[in-house]
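Each of the next two complexes has subunit A plus one more chain, namely subunit B in the first and subunit C in the second.
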Partner chain A sequence: MPEKTTMGGAGLIGILILAVVLIAVPHLVSFSQQELLVLLTINVLVVVSYRLQTLTGEWSLAHVVMMGAGAYGSALFAKSFGFPVPLAMIAGAITAGLIAAALSFPLFRMKGFYFLIGSFAAGEILRLIWKRFTDPFGGPKGIQRIPGFPEIDLGFIHIDFYDPANYYYLVLVVVLVSLWVLYRVEKSRIGLTFNAIHWQDKLSESVGVDAFRYRMLAFVIASFFAGLAGALYAHYLSTVNPNQFDVNTMVYVLIWTIVGGTSRWYGPILGVVALTIVDEVILRSIGVDQVRPLLYGLILILAILFLPNGLESVVIKAKDALLNRGRAGVPDGSAALRK
Partner chain B sequence: MPDFLLQTVFNASYAASYMALIAVGLVLIFGVMGVINFAHGELYMAGAYAIVFFYAWTGLPFFVAVALGLVFVGCLGVLMELTLFRPLRTNPLGGLIASIGFLLILQTLAVLGFGLRNQNVPSVTQGRITVGGAFLTYERLYVIIATVVLLAVLWLFLRRSKFGWALRACAQDREAAALQGISINQTARYAMFIGAALAGVAGAMTAPLVAPSPYMGHGVIVTAFIIIIVGGIGSLEGAVVAAVLYAFVHTFVTTFYDGVIANIVGLLLMLAVLVVKPQGLFGVRERA
Partner chain C sequence: MKSASSISLNRRTLLTGAASAALLPVIGMPKASFAQENVVKIGFLAPLTGPVAAWGKPGLDGCKIWADWMNEAGGIEIGGKPYKVELASYDDEDDAGKARTGATQLIRENEVKFIMMLGGNSWPGVEEIAARQNMLVSTLLPSDLTPDTTTLIAPCEVHPIYNVTGVDWLAANRPELKTAVVCAQDDALGKPSVATYLAAFEAAGIQMASPPLFFDPATTDFAPVMTQLLANKPDILCLDTCYADYVQPLCEQAFQQGYKGQIISCTLDFYQRIVERTSKEFMEGVIFQFPDFDDKALNDPRINFKKPNEFFAEYVKRYGATEWSAVSWEYSSILDLWADAAQRAGSIEPADVLVAMKDDGKGKHAFGDARWWGKELFGIDNALVGDWPVVVIRDGKATIAEFRSIPDWWDKNGELLVKHMTDLGQMWNQR
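Entry: the complex of A and B
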């Protein structure tokens, strides 16, 4: 069911509070947490773009490799071809999108679990090529000394992006713009068609929808933004290597997305933020580093057993409860919860 | 050169054997439960650590330790079924995430109990068969024999016993099987025990050859996924054929080029099969 699109006063206040928190947060945390914050913000873009890809009903395991394609592309454009960094980032993202378009032809012959593993294989081949060929990809060590984002110097104002707090603001702007674009895509005719293909692919094909082209489109858009996230990542860490984009990382993206929930655009964001805070802040502060994966595993199991529709289901229920408080006896609410 | 070829054939047969055990277990679990068991590589790891504990530390005879490992890992599988897959039966993606959680727990327990470093398992026997210049150690031969015997027994069990019929019925259509009076819970429990135990035996039998480590399951699960896809998900015969095919291609390319090229070739092989036959070599139809 469509969500309410008009915004009440409460929504406006919520957005204001969120904006203040997002702007203030780098000044409230330690230096190492600032670095974490940059990565977390990049990961938000990774999971939200991943969710767009899953709207068509196919779950790819190549998403993190697409992120890597953007990272490698951007690093090579900047380092070997001398592109200015902002341009290299966009070129890297486009590279990821083009690779996704090419991969669509073999991959979308498959469906379901076959697509899942097929996309894994395609991504893994790409990753192994980076690992095997030292020229130009640097082999297992990857590419080092990637140029950073150029500093802005207007005389009266001077912004140095080697400072994680400043880089965080840059990432925040890029990610927010990307999220807005992804949101608009989902709410547009294209996004509705993605949903139609997911739930009724035969029916939508019978009314003239080319399912292959829409699946490809979703894959390309998602990969473009994953590539953009990868580019942000590469110029921040100034090094990329094949192991950063292996299946372990992909498993984490999958976990964040599913634990957060995928029926709303904010579900994966809840997943990545909550699980990152639990793992990196709470579990780390307990100081039991060796047992951390075990506790993380337990939390995953409990989350999926008790919140099978993701963390977003809590928000949806809370929202319904608030909305229905005034008009009791209207039994919509949780009916719109899923699908 | 013929010796060298024969040696590579021996190596490939060994690799094909234990990979077939792992892949068949994975297929069985997917077929009956409809869930992708990401923790399957860690069940293999648990089998190897059972040997470290019962054989290397406690000093029980090797084959007794293997039997204990089989039962232990099988019980781990039943535990997974009861606590994770049964409540998540209608939620395959949830089952996937839960199995990842279980994987992390098993890995951490292995680190806590045995440490991070590779374990040294004393060899069972020094004997070997020599054919010309090529040789096959008894330890590797045992793995091949165990695989052939176990898979033959499993095949007979599935084809001839009443319970095997029930298991295959569940794999084909769970609701229809339930309507015929087959207990889904019981079938799932058995399938999970058998599937896990096969991975456990693979780990136990290969433990003296591979020096177990807590993260040894990782490479295995990826290969197992490739194999079950090439064979066609849900097809036990397909898994065996694909395991042999993959192991021979991979071993030969590794011997003549290098490991990374072999991985790339293996994945290309799989993509090629999927492009030509999107349901795998022996796959019949897509499970919803």
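Entry: the complex of A and C
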């Protein structure tokens, strides 16, 4: 069933409630959960940008490395070249986009599993370059003491972005704007072409669509936003190292995306939010640190068994059920006329 | 046959029950109350899961013994009041982001007065919060130290500098060994350790048969690594500070490829398993740096670690002999040092304890009296350095061969160490 693109009153109320929740949430959670909230919001951008790339049908294993390219780029622009941090973040994201553009030429000669393996190899090359060259990438230890986002002091208001609640609001604004851009891309003609390439690439090419260029465009856009997420991450933690962007992290992005579902734009968001709360809040609070990976794995298996179409299928079913209930509650017009 | 609806109901009931059980601790379970007692909370922020867990979890296990013993004895007497010790742990998974979240939880929610970390990858995430909150933090990796890290101390393990004692002992006892090779994972732990071994070999007049071999930490097949190492027929095979998950397959490969020479390593965690998988004969004479605490040499009066043999026996009783690792005693020895300083300060406040700890520039290290040192190498004298044991496998059992002085070696060969650290970009001002 195609996704509805127009919004009714209920949708607007839903968005309003969501906005209130997003604004209020740092004040409702503990200090450590505020820290978690920042990382979670950054990860939302990572998974949603990843989903954009999957629209063309190609699943990359280099997405987290692209995030790293943005993180390293932004860190170097700020630390070594003295760029102001906001500018360095944008420059870092552009760097990730440019690297993706360069990698597209060898990678999009491949499709399917070959692309998956090729993207893994390309990502590893990039990661090993960071590890190999101590100057300028810091080698295995990475880059440390990366400048943080500058404080804002207007006399009557002082905002220190080291405070996780303040940084959360900054990240939230950046991520919401990014999600809006990604949503508009998906709903535009470009997004429709991505889908066309995914399901009928030969047919698309036969009507004049340049599949290579569109695949490249999806990869570049996804990498730009992954790079932006990496830049937000680097300036928050003040450190980047090659291990933060290894294949283990990529596996988490895949899990979040798959468990959330990819047929709706919000699917990966559900995945990353639900699984982060399960792993970082619920399982940690039980106090069973050493068996946490085991329990996490068990929950994943259960999720796949009971929700093969992802968490988004629950939302879709709930929405359908509400709509049906709504229709059942409204008297049939023709019946009224018959009376 | 059950109807579909009844299956669905059961499934729902099951899931609801599981979710409720999972949420219960979040909503709030009754906790033991120590409101009537003075309690001092100590934070433990180290990897408890993942590939580096072997250097976190056994340390937490050791700390539990330390805390139980201390509390059974009535707690720590500080400022005339007995304090019960409570441990608060957080699994940082060797990740800076998780470490930052963990540090925030420990400092601002658990209100700990001291945090023990493994350090390395996780420390940069904690550095600023520790500085802002003036929190006293310990690391096992002094390579985290810089002139700015004034509240960070390395009071137990001056990794990797103590590795010089093993090479020094080897050169004195087996002067016929003239060539060596070294390998390490290419990361922040492997590189400074390689620099240290290179300096120690050079100081001992031992030539390198080939340049250091750095392998990727994702390596799972160690056969080609070992083949390359043994190609130049070295007298000494040095396994540097390889993680526990690498040391075992590397030893197995050396055994399978017929190596007969000397092995030296920083750690040899869970060495009994390596002996089982190779042979007693093959492992005879292997040198490393971390003793079993049932060693009688630890009963020497100069040793400051309290009741080492009893500690080892209790550890084995609780967790099993094969669970003992390099870090099983280290965090506990840091707790000894902290408790001693807190008693002398008459306070549990981090700033007071740090001042007392560094009083006179000397401290009571686990293996004897030591001095606060490190300015030349780390830019700050926050590493406690003294004697360190050289451990040798004899008849399948780790045995302390001798205690050797790290400061003595440094006084004679410090320039060599600085040279090799600089060459590998490991000095504090290069990081």
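Throughout what follows, the second predicted complex is superposed on the first by the 323 of 339 C-alpha atoms of A that agree within 3 Å, B and C clash if a C-alpha of one lies under 4 Å from a C-alpha of the other, contacts with A are read in each partner's own complex, and residues count from 1 in each chain.
Rule of thumb we're sticking to: contacts are C-beta pairs under 8 Å (C-beta built on N, C-alpha and C of every residue); 3 or more make two chains touch, one makes a residue touch a chain.
Bear in mind that the values here come from a model prediction, so they are computed numbers and not experimental data.
S.K.: Fit or clash for subunit B plus subunit C once both are placed on subunit A?
M.R.: After superposition on subunit A, subunit B vs subunit C: clash.
S.K.: State whether A:239 touches subunit B only (first), subunit C only (second), both chains, or neither.
M.R.: Second partner only, subunit C.
S.K.: Return first, second, both or neither, reflecting whether A:12 touches subunit B, subunit C, both chains, or no partner chain.
M.R.: Once the two structures are laid over each other on A, A:12 reaches no partner at all.
S.K.: Which partner does A:162 contact after superposing on A: first (subunit B), second (subunit C), both, neither?
M.R.: In the superposed model, A:162 contacts subunit C only, not subunit B.
S.K.: Using the superposition on chain A described above, determine whether A:322 touches subunit B (first), subunit C (second), both, or neither.
M.R.: The answer is neither, since A:322 touches no partner chain.
S.K.: When the two structures are overlaid on chain A, which partner does A:32 contact: first (subunit B), second (subunit C), both, or neither?
M.R.: After superposition on chain A, A:32 lies in contact with subunit C alone.
S.K.: Could you tell me if A:131 is touching subunit B, subunit C, both of them or neither one (first, second, both, neither)?
M.R.: both
S.K.: Which partner chains sit in contact with A:177 here, subunit B, subunit C, both or neither? Use first/second/both/neither.
M.R.: After superposing on A, A:177 lies clear of both subunit B and subunit C.
S.K.: For A:289, is the partner it touches subunit B (first), subunit C (second), both, or none of the two (neither)?
M.R.: Second partner only, subunit C.
S.K.: Which parts of subunit A are touched by subunit B and by subunit C alike?
M.R.: Residues common to the subunit A contacts of subunit C and of subunit B are 128, 131, 247, 290, 292-293, listed in rising order.
S.K.: Flag every residue of subunit C that touches subunit A in the complex, lowest number first.
M.R.: Residues of subunit C touching subunit A: 11, 15, 22-23, 25-26, 48-49, 53, 57, 89-91, 94-97, 100-102, 104-105, 108-109, 121, 124-125, 127-128, 132, 186-188, 190-191, 216-218, 425, 430-431.
S.K.: For the complex, which residues does subunit B have touching subunit A?
M.R.: 30, 36, 38, 83-84, 87-88, 91, 93-94, 96-98, 100-105, 107-109, 111-112, 218, 222, 225-226, 229, 233, 260-261, 263-264, 267-268, 270-271, 274-275, 278-280, 286-288
S.K.: Within the complex, which stretch of subunit A touches subunit B?
M.R.: 59, 106, 109-114, 116-118, 120-122, 124-125, 128-129, 131-132, 247-248, 251, 254-255, 258-259, 290-294, 296-301, 304-305, 308
S.K.: Any idea which subunit A residues touch subunit C in the complex?
M.R.: 30-32, 34-36, 39, 128, 131, 134-135, 138-141, 144-145, 162, 164, 233, 237-239, 241, 243-244, 246-247, 278, 280-287, 289-290, 292-293, 306
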